[in-house]
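What follows is a set of structures for review.
Presented sequentially are two complexes of chain A, the first with chain B as partner and the second with chain C.
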Partner chain A sequence: MADAAALLLALQFADSAFPAGGFAFSWGLEGLVADGLVTDADDVADVVAQQLTLRWQSMDRVLLVRAHAANDAATQVAVDRLAEAVTFSAPMRAGSRRAGRALLGVCARLGLPAATAYQALAADDARLGHLAVVQGIVYRAAGMTCPMAELVSGWSLISGFSSAAVRLGVIGHVEALRITTALRAALADLLAAPARPAELPASFTPLADIAVMRNHRRDLRMFAT
Partner chain B sequence: MSGAATSPQLDIVFRHHPVHGTWLDRRRFRWPYALSRAFRAEGGPAHMLMLIVQTVSGAIQAEDRLSQRIHVGAGAAARVVTQGATPIHRAAAGLASRDAVTLQVEPGGMLEYLPELRILFPDANLEQHMCVRIAEGAMALLADGFVLHDPAAEARPFRRLEATLTVQGPGGTMLAAERIDLAAPPRSRGRRAPFQAHGSLVLATCRRAVWLEAVSEDATTALSHHPGLYAAASPLPNNAGVVARIAAIDGRHLRLGLQAACGVFRRHARCAPPPEGDRALDAAAALHAVT
Partner chain C sequence: MSAVSTRPAARVGIGGPVGSGKTALVERLIPALMRRGVDLAVITNDLVTAEDAERVRRSGLIDPARVAAVEAGACPHTVIREDPTLNIEAAAALERQFPGVELILLESGGDNLASTFSRDLTDFWMFVIDVAGGDDIPRKRGPGVIRSDLLVVNKVDLAPYVGVDLPRMLAEARAVRGGRPVLTTNCRTGEGVDAIVQQLEREVLFRQ
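Moving on, here comes the complex of A and B:
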């Protein structure tokens, strides 16, 4: 198996046990549940599918590909600033940076020089460290090709959402597996066509965005977003 | 409503006069636009001038290439509205309607650009681009929203909607940008399904974060009291203003939501503290390289 090393690398970074802080984010799911707009497994599948096709595919993936291609710190920072500018929701920006910085921190502790270098840059600017950008930087530094980095990023979104839904008590583990199985195929379809990194990132997930904004005001909540 | 895109079909400049208040320094328009006299606006500064932009057909057709340019000079205050909701009609394959709006507000100026909702008909294909440039101390209040409508009541979707909104600081540096690119309206299920009308109200202005957070908190509270809405507000990136995001069960409720957010934004705008100044502009300068 010639690609065993590459596959094992991807499996390690995509593992839900990888301590990159992803467990702290529901990306609007908690708010939608609290507001009664997500009540069952079909709702969860619908929300995750929209996040995958209407946000990850056209925004996070685009940013990741640009960051993965960046050959110097200035370009990395420029992509990160673009990520900041195109994220209108303040809680989403904060969550994205928090998740990205957690990933940076883990990779820096693992001894990845690129992570340490970018962590130093992010330490001087609170607006840096968006998750998709950090994924592009550290996955490349770890040795992932861009297509593999896109795959890990997309899969992390699907598994993160389903895990959040289980912890919120909306679905059980078997329903989570059904959802991830269906969305695995959807992700494969998306990955079959190349990303369009030259375009301004796009997204349209208004209900989840609103849920994140509203959830931010709740005193009692399980997730950061 | 077709037209060449070499120069804007609508080109308006508002200026401030120390005695007479805001006045129209330039009012160039051609097909399909029509303008009547401007008049004093209610709900804004005393010298604010209001203008109703009308179009002959009241709709946007597939071949239309529309372009508007509105400039508000230093200290001037203007409100620009439209005659009513604008249907976006079917486009044959390969055709798209294009609507570009360029807004510029000079120091201390205030622009309210509040067009009525877009009504997307089956097979509509709309490319809509709005860019606002705000100087220090300037404010721009921008509304945008769309509803779906199928005269046959068969829920036939539009073909494509691409909409961009860019907020630029002085010199053209990008502070915030949003892009929607939909091949069809997303169909949600369950209790999310009724929310078919979507809109945003943006107050673009470089101010301190604490003020922007207070505005968005108030707007979120105000929006939470309206039935038929799912809505909230948030500070924009780079301290470039505030956005209220509104999902509604229909156009009437979306209008009510936009009006509610408008009321909150105007109330805060009347007593806004001095502009944010250097910090936001420094952040924006770093963006320039990528944009």
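Moving on, here comes the complex of A and C:
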């Protein structure tokens, strides 16, 4: 078995009960449901698979790996600036920063010095704090290797989407399990190949991006994105 | 560095079942606290709409920029108890934006008797029930009723119309709370609101 301490660390941070505000974000799913573009389990599975391959793999993972490797504040900030630049819409940027700052905040309270230091920087600069970047910083500070940090980040995306889908009433708990089981395999495939941090982070999930933009202005909504 | 030399604002939670009068109480507390010179901000945890946040922003009682809305992702319990991080961040953002803010009122989304606030989020929290919900509510000993720092029984004006024996309801409430504070309000008229303000001044603003 892999090192139990390392696995337990990953389980703790990947737990949906980890208190970093993740439950309040649907990353476009709520809007897609409201617009009738996601109506059943197959649709949810498609959306999450696309988010995993066309967003997480090519963008979040790249940012996370760069942030995890950063040895000084200037490099961390540069990765964060890049995250800001490559995140398409304003509501998506705002959501990513809110989620990142929540994770940063709880890790600072936990006493991780790297989190406290970066939180102080972010307090004075409203454009800092993107989720993937903060994940890279705090997962490293908590003691995760980079591959483990990638795994936790990818899994958080999958479980966050399926949980949001359940609360949106599009799928039941067993369908959620089926979806997370299938995507667990998809994530494992992605993780089997090394990350490519040298590439420019990029995503292509236009429907979900538009859904986030539209949702932002909707009167009826339960999620932050 | 953000050099905020003032002490952190007191966080005061307001929870309670749907429609018990939480926003009505916020609307009464804002002017009452402001009259006493308290520097205020408000956070609402609306469930499906930003209705309460908008209602407070449009009330004309407070600078709309001082009212923040935090989404609960359909989890009103979670956002004030198991995972209050988004509310904690919203409160910190208000403090940064309005240095000198002394008190932040946090209205929970309408919930049920089991809802309680995390001590990491609030310094003091009250639970608002109303007489029209039935005089058996205190007897049911929900964690909100039992553990809140202050139980507010609102809509006392309605007692005669819903067949509620108010003195008995209050006696039972005090009994299940082991004598800890229970106050009554009529948020339509503002009756009883001063007593809550005095409690807040004593317990969280340390003015008395």
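What we mean here is this: the second predicted complex is superposed on the first by the 223 of 225 C-alpha atoms of A that agree within 3 Å, B and C clash if a C-alpha of one lies under 4 Å from a C-alpha of the other, contacts with A are read in each partner's own complex, and residues count from 1 in each chain.
Just so we're on the same page, contacts are C-beta pairs under 8 Å (C-beta built on N, C-alpha and C of every residue); 3 or more make two chains touch, one makes a residue touch a chain.
Note that the structure is a prediction, hence the values are computed from the model and not measured.
Three-chain overlay on chain A, with chain B and chain C fitting side by side and no clash. Contact with chain B, but none with chain C, is seen for A:217 once the two complexes are overlaid on the shared chain. In the overlay built on the shared chain, the residue A:178 is in contact with neither chain B nor chain C. Panel annotation: after superposition on the shared chain A, the angle at the CA centre of chain A between chain B and chain C (CA centres) reads 110 degrees, nearest 10. By the document's definition of touching, of the two partners only chain B reaches A:81; chain C does not. In the overlay built on the shared chain, the residue A:204 is in contact with chain B alone; chain C does not reach it.
Look at A:124: by the touch rule set out above, it reaches chain C but stays clear of chain B. Between chain B and chain C, the partner in contact with more residues of chain A is B. Contacts of A:19 after superposition: chain C is touched, whereas chain B is not reached.
When the two complexes are overlaid on their common chain A, residue A:50 makes contact with chain B while staying clear of chain C. Across the superposed structures, the minimum distance from chain B to chain C, using CA atoms, reads 15 Å. On chain A, the patch touched by chain B and the patch touched by chain C do not overlap at any residue.
On the chain A side of its complex with chain B, the touching residues are 32, 35-40, 42-43, 46, 50, 54, 58, 74-75, 77-79, 81-82, 84-91, 93, 127, 199-204, 206-207, 209-210, 213-214, 217. If you check the complex, the residues on chain A that touch chain C are 17, 19-21, 23-26, 98, 101-103, 105-106, 109, 120, 123-124, 164, 167-168, 219-224. Considering their complex, residues 164, 174-182, 186, 188-192, 195, 198, 213, 216-217, 220, 224, 230-238, 243, 245, 247, 283, 286-287, 289-291 of chain B touch chain A. The touching residues of chain C, counted against chain A in their complex, run 1-2, 47-50, 70-75, 78-79, 82-86, 88-89, 92, 96, 120.
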